[in-house]
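Right, I'll just put the structure down here and ask away after.
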């Protein structure tokens, strides 16, 4: 799709997000002490908070450039249903910010002494969870389009909505790190969230875009 | 056929116009006049569906445009203050994307021809950020040549264009109207429009006249 | 100890109880006062604007 | 002929109507507060089985907590009405509810902290209910922040309304996720530290309900007063506002 070709021309964005994630994750041990037990305990939470923030970072620009040069107006006027276009954009956002985090997750596991099963659990959880972050975030990005201080406002609006994903995303990693094997329920809930977000978020985002473009 | 009945629009706390009525038949041009801030752009955006009017209806062939949704946007091409082109992409890529999104079946060759006709020969595959304002405008206007939509809504299409390009655009508009198309446009420049049936609508007066 | 001070003492929990009730009264009365204040300033400003407009029309 | 339900949805007719309703709800608030608190302080025992006199915080705590949630639902409902019917008044009411809702939420947290200090020995605990209230406060803040960040009132109204609806969809999910972070043993986490259920003194229950009702009436007063402000502010260019101003002079 269009957004991918466009996004590929700004490859540095991917690296920025990725390095942001790595830096945030690396800072925690320096602040909280490098004791193995503590690190293992906070690892899931840290990884998810860093993922939330990294995903927020690029959200602000999700529709901003299209808004500025008028292509967003044009997209709203095409005979394509808007939610398809929104899905395309969100998918591009996820490919560039969410997917890299999944692959970088083993590094977190290394830094925080996580057992192997926990690392693979974390990768799977991030794989399901990060698209939800992109989807929900898109609503906020559409609402704060073109506003002064939109980035800060965006985090104020969206971060509370991220809580459930973080609770279960981090919960499943903790559970797996402490040796629980029954993780099915966590993944069912996360997948449920994903389906819900896939259905509702593009509609809400499309409505928000219409409001903001006016 | 485009019909506007009892349209009322406001921006912020201010009411721009109320109870606006007019209709536009195939093969005619509507020239929206008025001073700055009288709601010309808003009216145009309301017609194409980007702006939600306070009240009133916009009918396309007798049907409400809001319920027609995609069936209506298919028939409309809008060109606003922004060119709606991506700086990072070339003129060629920009047009290819917009034609795909518009659902028009356009060949690569047609795009080259359209750009050539707009006087952009040799600039086709440069990123548009290296082009001048007028050249960017021409890329945007090239969309008109590739589009099969009936209704053109042009907000200040003549800005940033040189004399030759103004003439060219005029002939393009005239051509579209002679083929039974409709054009709604605003302009601050006094441009001699030669196209067939011309209607004028002046905004910002106490009563809206329909000539 | 009189009955009233005993009542306010509330078995040693006076601070907590009156801390809660005090906050409630403060916030609610405060909210209403602020709205009332806003109302007055809006009215004042609007009537000033109306007078200004009337003066302009007279000229 | 059918009744014109939309008659009162116009700010012009609603403004004087609200003005007439405010004193009515005001008196109701005062009456219910005095009645409820009298009942709660003088007709109830000083000590419950495990709680001492501090349990009297309950009257305002529960009232505020109920109102905070109810007001959010009402706010989202008016927002929805605004988006569906395109009535400006609905947006105005929705945005008038937000600050009162935020205050109720804050009050619930504040009184909760005082209660927590006496009953659990700590000002703050990551108790699911308190955490939920905190999140609710964030949602109110987000709504107000978005509304005030947008200069164009039309866009502000509609964007904030959409946000309220999105919040409404997410609220149950958020609360539920806080309540049972471990889906395998959800029920075990439910706290029963508050005096509730079957063994509550009926007098306390009555007082609690009456005070909660007083809170409700109070929020009517505050919201109606604020709506009047918003109407005046937004409609200042219209003739009816100017005529009304002339009448007052």
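In order of appearance the chains are A, B, C and D, and numbering begins at 1 in each one.
Methods note: contacts are C-beta pairs under 8 Å (C-beta built on N, C-alpha and C of every residue); 3 or more make two chains touch, one makes a residue touch a chain.
Just so we're clear, the structure is a prediction, and the values are computed from it rather than from any experiment.
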Maximum centroid distance from chain A, chain identifier (CA atoms): C
Centre-to-centre distance between chain C and chain A (centres being mean Cα positions), rounded to whole Å: 43
Centre-to-centre distance between chain C and chain B (centres being mean Cα positions), rounded to whole Å: 54
Inter-chain centre distance, chain A versus chain D - centres from mean C-alpha coordinates, in Å: 32
Inter-chain centre distance, chain A versus chain B - centres from mean C-alpha coordinates, in Å: 38
Chain D: positions in contact with at least two other chains: 154, 236
Sequence positions of chain A contacting 2 or more other chains: 214
Pairwise chain contacts, counting only pairs that touch as defined: A-B, A-D, B-D, C-D
Chain D partner contacts - residues on chain C that touch it in the complex: 7, 10-13, 16-17, 19-21, 23-24, 27-28, 31-32, 35-36, 38-39, 42-43, 46-47, 49-50
Parts of chain D lying in touch with chain B, wherever the complex brings them together: 86, 151-154, 234-237
Chain A partner contacts - residues on chain D that touch it in the complex: 135, 138-139, 141-142, 145-146, 149-150, 154-155, 158-159, 162-163, 165-167, 169-170, 173-174, 176-178, 181-184
Contacting residues of chain A [partner chain D, same complex]: 139, 143-144, 147-150, 153, 156-157, 159-161, 163-164, 167-168, 171, 175, 180, 182, 185-186, 188-189, 193, 200, 204, 207-208, 211-212, 214
Complex contact set, residues of chain A against chain B: 2, 5-6, 9-10, 65, 68-71, 73-81, 85, 210, 213-214
